[in-house]
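All chains are identified by letter, namely A, B, C and D, in their written order; residue positions are counted from 1 within each chain.
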Amino acid sequence: MTSAPIKAFMSDNAAAVHPRVWEAMRAADDPQPPYDNDAISQSLDERFTSLFGRPAWGLWIASGTAANCLALATLCEPHGGVVCHREAHIEADEGGAPGFYLHGAKLMLAEGDGAKLTPQAVRAVIDPIRPDVHWVQPHALSVTQATEYGRVYRTAEIAALAVLAKERGLGFHVDGARFGNAVASLGCLPADAAGPCDALSFGCIKNGGMSADAIVFFDEDRAKLARWRRKRAGHLQSKGRYLAAQIVALLEDDLWLANARAANAAAAEIAGACGDRLMQGFAFYDWGDDAARFVTAWNTREEDARALAQAIAAL
Amino acid sequence: MTSAPIKAFMSDNAAAVHPRVWEAMRAADDPQPPYDNDAISQSLDERFTSLFGRPAWGLWIASGTAANCLALATLCEPHGGVVCHREAHIEADEGGAPGFYLHGAKLMLAEGDGAKLTPQAVRAVIDPIRPDVHWVQPHALSVTQATEYGRVYRTAEIAALAVLAKERGLGFHVDGARFGNAVASLGCLPADAAGPCDALSFGCIKNGGMSADAIVFFDEDRAKLARWRRKRAGHLQSKGRYLAAQIVALLEDDLWLANARAANAAAAEIAGACGDRLMQGFAFYDWGDDAARFVTAWNTREEDARALAQAIAAL
Amino acid sequence: MTSAPIKAFMSDNAAAVHPRVWEAMRAADDPQPPYDNDAISQSLDERFTSLFGRPAWGLWIASGTAANCLALATLCEPHGGVVCHREAHIEADEGGAPGFYLHGAKLMLAEGDGAKLTPQAVRAVIDPIRPDVHWVQPHALSVTQATEYGRVYRTAEIAALAVLAKERGLGFHVDGARFGNAVASLGCLPADAAGPCDALSFGCIKNGGMSADAIVFFDEDRAKLARWRRKRAGHLQSKGRYLAAQIVALLEDDLWLANARAANAAAAEIAGACGDRLMQGFAFYDWGDDAARFVTAWNTREEDARALAQAIAAL
Amino acid sequence: MTSAPIKAFMSDNAAAVHPRVWEAMRAADDPQPPYDNDAISQSLDERFTSLFGRPAWGLWIASGTAANCLALATLCEPHGGVVCHREAHIEADEGGAPGFYLHGAKLMLAEGDGAKLTPQAVRAVIDPIRPDVHWVQPHALSVTQATEYGRVYRTAEIAALAVLAKERGLGFHVDGARFGNAVASLGCLPADAAGPCDALSFGCIKNGGMSADAIVFFDEDRAKLARWRRKRAGHLQSKGRYLAAQIVALLEDDLWLANARAANAAAAEIAGACGDRLMQGFAFYDWGDDAARFVTAWNTREEDARALAQAIAAL
């Protein structure tokens, strides 16, 4: 195996921008009102409403970290807490961004295989919390679909978590940095993969985009709040039409799903070569002392995936 | 006068991306390490060191608001204050971002014509402040070059402010959202237009870029601190090479200066038609009850500027 | 004039604790549940409900700064602003505490003689603010009764400000660090001196107390929110009964009003000697280049006040 | 066993104020400059310097929560983290105050029996943290002496933790809410019980005080920083002399140690009756499903302790 394929699996963050995304960005060059007052940005609400089959509001944002944290800032007050998995991206990989955006709110860590939460695991965290001012109270629940280990929540699983959140008065957020991969793997409607959540970080950057993820809200007040907070975070880019264009290009003709399917297929090919290391759903590989992580992307070449698979089989 | 030219002067935020910036972004499509680990991002320190003739560290960032606030967050502690003009962008137009990034630090407002500060105006703010815990103490000074009204600080003026800042132990920040226009107008070295500042927001987006401004630090510790804080603010984009490429394209062969000169020339043409409304230096027009604001950009067409000038002359 | 009387007028912050407050604190020595679970703390809601003639919730807190900032934190979100006078205590003398407690929200400064606001002055601040994310929006209005210059709002004046706040959707806070002096001066009901506000900082420390002011809320949800935030600010003292006892002692038989009347009377005596420097209402003196500030307290001795008055008359 | 003794063991937070503390407070009634400008407050630096045998700066503060959080705010930047035990008071019982005071910094949780940390446990937390902006970096280490379970660090244990902190560039904080009990139990010098820490929360309230704990700094710059932040947190009480007086009364003739010894003795009596539930050092009892917590204080009556011991023995 040469080093080229290895390099190709380093991170979907390194992947190139999809040609149709480039085209859409170039087409946005014509002058338009700044910030999110252009026609493309203004179309996002309608597009996400259509995609999810219920009233939705969509905001572009330049990173998954900012998407998650802005979303959570509308669901959790500074003195509250967000329940998430111990290995959730917001806890483990965002450089303390939740602490910044949520003004010091607390992440409350739950356990679960493959970074997956269950109602039981969530209850184990929140049930012992007495309604006492000495204890931070949970305000929100955040799950990652697909998880940081490439595991997917089945639609019944995510629905059960949403029910629990609602029962306990918790806002419900889905970190969908790789939401496309989850939907492609589940073969379900986007709405069912996200469950009846309050906010969804809808990842585009890892899926053929360049610099725009989306936050999708299912409540107008939260969306409005996020717009104030986005500006306040220096994330209201003046030429926002170039970000909106990326998202629209990925939504158009379900390019986002096609890209995710391509990445999943490449992952499956590799996984097939790995025997007992195979994980359920589409696969990103676990990593750790005895593990490797290979990340496929929308543009992983079939020949690279096959070469890697053969190399693994030959181990 | 038709409406087309009017629309063209709405905002430099709406201007198209320069062709050479587009080319550089496309050339960055080849996979590279994510975040700012790619070769283009890694080249920024050297490029800004060369541009300013002293050790410099350069970070890309997606907006001028974020550039200003991240820079100031390295110069002012949460319990301190930043002296700035009452009409400074950080005070008037950033949706409270300084309060967010500086964790509640205070903006201390000084007066001056055309949003320009003088040492005297700064002293009028800071001299009455006793070193008493009941009073917020100034930690930093921020000036805008060119100002929000299109006024420029001459090199001696900015140097005098830097001297005052140093005497009083204040960090010194220059908001250069339109720094290119200032340098082009002054006809001086970039280092002289910025003065011996600690941090400079080096605007690119209004000057032919798409989604990348730069923060330039002249101290390694502050640059390091800003890297932690940039991630924490959700501004460490995973495909950062596309941002770095924009900045490098503008620095290459001084495209940033050429663009700024073109915008200034268009502004001068219009200003020439305005008689006593003309303001010194290159001109963005004052606005208010009896004022209009026309903004030129790198791509303002000469014929549009002339048409507007004629229309004004005919009033 | 000897120096003793001068010293006596230095600050009401330096005054001794009233004997009946001491007695009440000693009587609280008997063990009771910690924090605010003791019977005395639990009685505050009822006592303030009775005092103001409408449902009220009362919390003890160790300083006027904390009282103001905790109250405002329930009325203004981090991305919002609080309109107040340029010389309001929260702007001028609290060491940036509002920035801390309100997570970077902005103070929006209005003008007015004697630190007094008018609806017109407030409108001059808020009317130009467009509902645009680049501009911080006002969320609350804070007035000081009596003002930092010893001026009082007449009941119609405070009512007019409350009406404006309500019309514009602003929370309405009254900083009553010297509320007793205002009520004593106005000779009206406490409810009329505070107007239909959402929260009142009810000062006790300057009026015979030791270490307890009160925050009075007129809405249960805000009171609950303040309880979470009080603990989070390290202000939920474990032996809270000693703070509650101070407040109850001052409320008992209207000791707070008697103390305020005594201070006002001493101030009036001095003011009578000052001719054209006399300010309306009860008087704390203006200070500045050609001014002096004498502060009377509950325990200002009549003979001291007279001695000072004679000294001033003899100037 | 009657309910009276049970009530007596509810919490040392509920205990009465020591008579000598009362006396000192009454003696402070004479007018003095406000805030911490009075002679008693000004004496704290010298008194703690003498107590610890190295230059020290002492600030009064109204709660242990505020003491801990203000101390940590001088040791950890907003983007950093504080390593502490999973059951440390700052993590488990302060209502999110560290998130507030540290502007969103992260608590990094280590394991250990009886809430006690070891160098090994601390390394297990910090060693895997790469110096990467995606990961929050540790800035400080906080240990509780005695721990939340009544365990004490021997002098060599605390010294070893301080050495590790220094090696890794971490600020070192000791939460001494029950520091007196630890010193009394160890029978060592205060300096040895605290180790070479940067800041110590020196608990007084649980040990005969009313409303004043102390923060002791061993570095002038941190002490200065804490003074700015104390005001900003609304904790600079205007009649601070009454707080200072409490601390001075407890330090005078080592009343703090005498009180702690009395509480430890009562605890030992009870513990003696508990057989295998006895924990090392002086004892506060574990609690949980099969546990009870009895808290002794400076004024636990010998007869109450004995009655409780007998009741336990009779179980």
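Everything that follows uses one rule, which is that a residue touches a chain if its C-beta (ideal position, glycine included) is under 8 Å from a C-beta of that chain, and two chains touch if they have at least 3 such contacts.
Given the structure is predicted, the values throughout are model-derived calculations rather than measurements.
The set of chains in contact with chain A as well as chain D comprises B, C.
At the interface between chain B and chain C, two copies of one sequence, more than half of the residue numbers in use are shared by both copies.
Centre-to-centre, using mean CA coordinates, chain B is 48 Å away from chain D. The mean-CA centres of chain B and chain C are about 42 angstrom from one another, to the nearest whole unit.
Per-chain Cα centroids separate chain C from chain D by 33 Å. Multi-chain contact residues of chain D, defined as those touching 2 or more other chains: 35, 78-79, 94-96, 99-100, 103, 133-134, 228, 231-232, 236. Partner chain C is touched in their complex by these residues of chain D: 7-8, 10-11, 13-17, 22, 26, 29-35, 61-67, 69-70, 94-97, 99-101, 205-206, 210-211, 228, 231-239, 242-243. By the touch rule above, chain D contacts chain B in their complex via residues 35, 78-79, 103, 133-134, 137, 227-232, 236. Those residues of chain C whose C-beta lies close enough to touch chain B in the complex are 78-81, 92-96, 98-100, 102-106, 133-136.
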